[in-house]
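Before anything else, here's the structure in question.
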Amino acid sequence: MRPSGRTADQMRPVSLETGVAKHAEGSCLVKFGDTHVLCTASLDEKVPSWLKGQGKGWITAEYGMLPRSTHTRTDREAARGKQSGRTQEIQRLIGRALRSVCDLTLMGERQIRIDCDVLQADGGTRTAAISGSYVALHQCFSLMMTRKLIERNPLQTEIAAVSCGIVGTTPLLDLDYIEDSGAEVDANFVITGKGGLSEIQGTAEGAPFSEEEFLRLLRLARIGTDEIFRLQRQALGV
Amino acid sequence: MRPSGRTADQMRPVSLETGVAKHAEGSCLVKFGDTHVLCTASLDEKVPSWLKGQGKGWITAEYGMLPRSTHTRTDREAARGKQSGRTQEIQRLIGRALRSVCDLTLMGERQIRIDCDVLQADGGTRTAAISGSYVALHQCFSLMMTRKLIERNPLQTEIAAVSCGIVGTTPLLDLDYIEDSGAEVDANFVITGKGGLSEIQGTAEGAPFSEEEFLRLLRLARIGTDEIFRLQRQALGV
Amino acid sequence: MRPSGRTADQMRPVSLETGVAKHAEGSCLVKFGDTHVLCTASLDEKVPSWLKGQGKGWITAEYGMLPRSTHTRTDREAARGKQSGRTQEIQRLIGRALRSVCDLTLMGERQIRIDCDVLQADGGTRTAAISGSYVALHQCFSLMMTRKLIERNPLQTEIAAVSCGIVGTTPLLDLDYIEDSGAEVDANFVITGKGGLSEIQGTAEGAPFSEEEFLRLLRLARIGTDEIFRLQRQALGV
Amino acid sequence: MRPSGRTADQMRPVSLETGVAKHAEGSCLVKFGDTHVLCTASLDEKVPSWLKGQGKGWITAEYGMLPRSTHTRTDREAARGKQSGRTQEIQRLIGRALRSVCDLTLMGERQIRIDCDVLQADGGTRTAAISGSYVALHQCFSLMMTRKLIERNPLQTEIAAVSCGIVGTTPLLDLDYIEDSGAEVDANFVITGKGGLSEIQGTAEGAPFSEEEFLRLLRLARIGTDEIFRLQRQALGV
Amino acid sequence: MRPSGRTADQMRPVSLETGVAKHAEGSCLVKFGDTHVLCTASLDEKVPSWLKGQGKGWITAEYGMLPRSTHTRTDREAARGKQSGRTQEIQRLIGRALRSVCDLTLMGERQIRIDCDVLQADGGTRTAAISGSYVALHQCFSLMMTRKLIERNPLQTEIAAVSCGIVGTTPLLDLDYIEDSGAEVDANFVITGKGGLSEIQGTAEGAPFSEEEFLRLLRLARIGTDEIFRLQRQALGV
Amino acid sequence: MRPSGRTADQMRPVSLETGVAKHAEGSCLVKFGDTHVLCTASLDEKVPSWLKGQGKGWITAEYGMLPRSTHTRTDREAARGKQSGRTQEIQRLIGRALRSVCDLTLMGERQIRIDCDVLQADGGTRTAAISGSYVALHQCFSLMMTRKLIERNPLQTEIAAVSCGIVGTTPLLDLDYIEDSGAEVDANFVITGKGGLSEIQGTAEGAPFSEEEFLRLLRLARIGTDEIFRLQRQALGV
């Protein structure tokens, strides 16, 4: 029995609320249980200088945690004067995930900047961020279609992410903070709406793991991302 | 007639929602119309080193804006590697305001760190932050009393803040972003629940102002802070 | 009786010496008693990029303290790698004050950079800096007129600043360091040569203050700035 | 046919030269073809402060590239004033990999710092770094045994890493730079001497990939790491 | 004929004014013609941590230029967030020079921090800084003797510095800015009151120089430092 | 007798290996005994902005030490976020030395960036770096001639550097780390192939030194640089 009473293949309650940031071109407040991440999409009418003149766009992401989103207060990165390695690793992951389902040539020479800010953290912030960012990005593209900036939505399919892990010897879906702290193996899966793998990461926190164990985690992940895809479509009304 | 349809001495709808951050010792989501600030209070069982051994506590504050809380996206301070002068000015103001109504000798040698993060900005973020921080701080002290860390609440009275300004020639209460952008004079007032002045700041954005004009702004400010005091008491159930 | 033997409404000896920096387009060594600030004006033949093409100029200011200008040595900001919040707050204040009496459209697309460096500190450095910067700026504009860069002096009137405070229960003009350290209320007033208010700031260091107390401080401030205006005119020979 | 003439499951020539840094407690110059990484192990007689008093040790890693190790010169991170996200991601990975095969309780309260500096880069620098660091670390532990600091070597088994990828539709082992630049899928595998998985990472650079494709990459990786294990034992004479 | 009308072996007018910084334990405003440097000595009752417990003291120096001390304005290092290589080179030189004539074991475990701030620059700021710092340091030690902190003055002899150079083919003493800008060879000499060499630096800005040329510069330097020693003794009344 | 068994005027074994960095336009691994420095030359087809349009080129240098090149590990400058004063001093010296023998007008508007990275340190790293950089730079120019970018090699003669010092009372050539640590006087000489002096630096670490002592060091230096010139020509086959 998991601390939350969930079964091994059960997600926490997931919600995706749109229209939560008045000024942003797209926004989504995503909740995986007590993990809450505010995702916004900001349209910029020019691409980074290294991409100029190639007739395509770019999507990039930034990630941050509010200082007291965590159990004990975390120092503010702006006050410390730099972003941690973990922050940079996560924001690079989010950007890659979104670009992997987007046809950048349909965007024109524009950049969309995704901001994922964790309001409350209880494990799985990066996977929630990816899942919510997809919704914010989709809305941004819809707005661009309404404004006749683009003709078609450049997103080719959904993208969602979920963490899985082995606690004791049990593979579990969507770890919360307590489970994550004691996990032997910790893995993140980024999966597309068509079932393709965009990114997989597995780390032995304790003993190394076997191929079979890893495949069981992947199977759990698919259960989770299928549920998220359904909720993404519902949130977007598509 | 103001763009929002308000009268000159009318606040935007103000709300103070408590218990919004699961991990924090105190928290409040304050809204002044479309300006939304999440305030948390984090208890730290030791004081800064320069205060050690003096038998009293300390309250400090940090302030930040989510990148897309603003009309156009603002660069993330953590990514730029430093906090702007404006940010530092505001967080120093919030700290001073809260300390001005708190008997620090009743806290023991502890520090409370206030975090004010702007989720959405539409003018008056610093005054909303002060008004909401008071509620988060009060809750933190209540929890400390429950835990028998302190005997009495060190807060001596309420503290609230509001901005006023002269637009054209008309003095107005609680400017929103559009009004603020075009104001001739911009002022912030931090007032205690007993009517004392904790901090006043007035700046001529265009032509200099007169003593009489400034006193009219102060009168408007008292109307606003009186309303906020009432809502603070209501939110705290005191 | 004040430590210095001054009456409550008496300034410290004020002097404004011009022509103290060989290379600068304008310069003034301002002394408020033992507070000495070297102010220079540097002409730059282009405006910041955000202002280009608008047909007007800009005035900005930087502020610094020599490490041993203070009672005990203060770490050098260049060595620490960043400017403190206090420094940024002060330099923003100086810039706003000077711009408030200057018609920027008469400058052409040029920038003047004011540097205020505290050689010796004994309270009131920011108000001395504003009062001295006015003189340096005026000289810079005079030189520009001599060089036929501009036709008229863009300064519309004088600008001066002074601090006031309540020590014990006594309102005092132009606090020195000892008085400032023990003041209940600390206020800075930036006033134009025509009597208008450019900026006012009042802070309760201890107990909150009343409207009446604040108005008494303002009255003291006008006595101080009137004297400074006279000395500014004398220094500039106008 | 690969540009280098290798077969799909063929590593580049791998060499592990020990004793290359006179001052270090352990060192190894690892070469995967034209990728050359200098790995050193430095013994520190105290642990980081957060680990004090727990009776165990710590292993951490830092990674850097010489500016002209790359095809075109890369700016020096020391000159830019910060380490890139990529650098931080890699050094965290190296540290995790080494700790995953080490019984930290056998080290005593000591820290070993691994430095991996890329002298020449041609793809796969992070996997070479892990494979070479193992040798440097092993030597450091051997020296500690000689000096009677520890009784047994805390390393439980070997650790090695290799990259694999899909170029066109062909899965390939140990990509060099040219192959890596055009790969559809890029994956890194960190595997222990007993066959366990310590870390796996797979990223779709172009189209998403399938589970089957990923398993074929894993199979190739095991061919590579088996060869590296053999060379590691040979280099260490165990 | 030199631009200033000086002969080849003639110093600019040198002055050393003491007691110029109210708060400092020692101070000296040194002028080499239009080069003006304010030097202060600050006593710190503890040594840097790496020197603790060795029963001796330390002297260190910092150097800075006011932004408009130079012909055109130089960016403020505090605003740029780091000290230039030139600044660091100079402050290391000043510290070495002063330590070379001081018996650090007579200081007790104390540190003296020298600050050299250039108020106006016209060539030779580093040599003026060394020459003036000696006076500030001497005064600091005198004060420490008065306060019975030390018994004897730890300074063993004077220390002074001067720049020389070859302009065209003519060796010149004490270059001003114009001469320095066009010099073929630029050299700095730090010499003790007993005639010993503490530091010599010679750099070919254009064509390399010969041993003979270098020795002629050294001879000029001795003329200059002899004059400075005389003025130092006069300023200190010893 | 020196610790290494060398005579007073004997260099350590010097070697200059070329072609050691596959990607660089020129490269040299220079060894002065156990001091090993990897020098690369990188051609950049544009000059720094301040030199544009003047029809000449530029040579600049950067210097770094691998963390465990030293006896005990030195913190990585990239991790600390800034280069030390020593590093900046050295890289400025290397750049000046190379430019002093190069006719920059023969380069066209191009920049060559020299990187000197210390793989192993045992005293004299900066002098080895200069001596090796000359070889890397020469190769870069040869390649540019082969590619018809320039017609003649802009280098006018060789440049080499060596350190000398007084240990006890004995002047010694080419100090190694142990000798350097205990030297009374430490000097660096940068000399051209035609015998001219490009840069000389002498520092009293203990007692000041005399002119005669300095001249004896210079004589030793010429013995060392003559040997290096011979080896440079041999390495370059000229």
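Which chain is which? They are A, B, C, D, E and F, in the order written, and residues in each are numbered from 1.
Please note the rule applied: a contact is a pair of C-beta atoms (placed from the backbone, for glycine too) under 8 Å apart; a residue touches a chain by one contact, two chains touch by 3 or more.
Heads up on the chains, UniProt names are A, B, C, D, E, F = Ribonuclease PH.
Predicted model only: the values in this text are computed from it and were never measured.
Novice: Which chains contact both subunit B (Ribonuclease PH) and subunit C (Ribonuclease PH)?
Specialist: Shared contacts of subunit B (Ribonuclease PH) and subunit C (Ribonuclease PH): no chain.
Novice: Could you find the chain whose CA centre sits the greatest distance from that of subunit C (Ribonuclease PH)?
Specialist: The most remote chain is D.
Novice: Identify which chain pair among B-C, D-F or A-B reproduces the interface of E-F, meaning that over half of its contact pairs, matched by residue number, are the same.
Specialist: It is B-C that repeats the E-F interface.
Novice: Please identify which chain has its centre, taken as the mean of its CA atoms, farthest from the centre of subunit A (Ribonuclease PH).
Specialist: E
Novice: If you average the CA atoms of subunit B (Ribonuclease PH) and of subunit D (Ribonuclease PH), how many Å lie between those two points?
Specialist: Each chain reduced to its C-alpha mean, subunit B (Ribonuclease PH) and subunit D (Ribonuclease PH) end up 51 Å apart.
Novice: When the C-alpha atoms of subunit C (Ribonuclease PH) and subunit E (Ribonuclease PH) are each averaged to a single point, how far apart are the two points in Å?
Specialist: 33
Novice: List, in ascending order, every residue of subunit D (Ribonuclease PH) touching at least 2 other chains.
Specialist: In subunit D (Ribonuclease PH), the residues touching two or more other chains are 81-83.
Novice: Would you mind giving the ring's chain order, read from subunit D (Ribonuclease PH) onward, with subunit F (Ribonuclease PH) coming straight after?
Specialist: Read from subunit D (Ribonuclease PH) toward subunit F (Ribonuclease PH), the cyclic arrangement is D, F, E, C, B, A.
Novice: Quick one: in the complex, what on subunit A (Ribonuclease PH) touches subunit D (Ribonuclease PH)?
Specialist: 82-86, 88-89, 91-92, 96, 100-101, 191-192, 194, 196-204, 207-211, 214-215, 218
Novice: Under the stated contact criterion, what part of subunit B (Ribonuclease PH) meets subunit A (Ribonuclease PH) in this complex?
Specialist: That would be residues 21-24, 27, 34, 38, 40, 42, 44, 62, 64, 66-73, 76-79, 81-83, 87, 113, 115, 117, 119-122 of subunit B (Ribonuclease PH).
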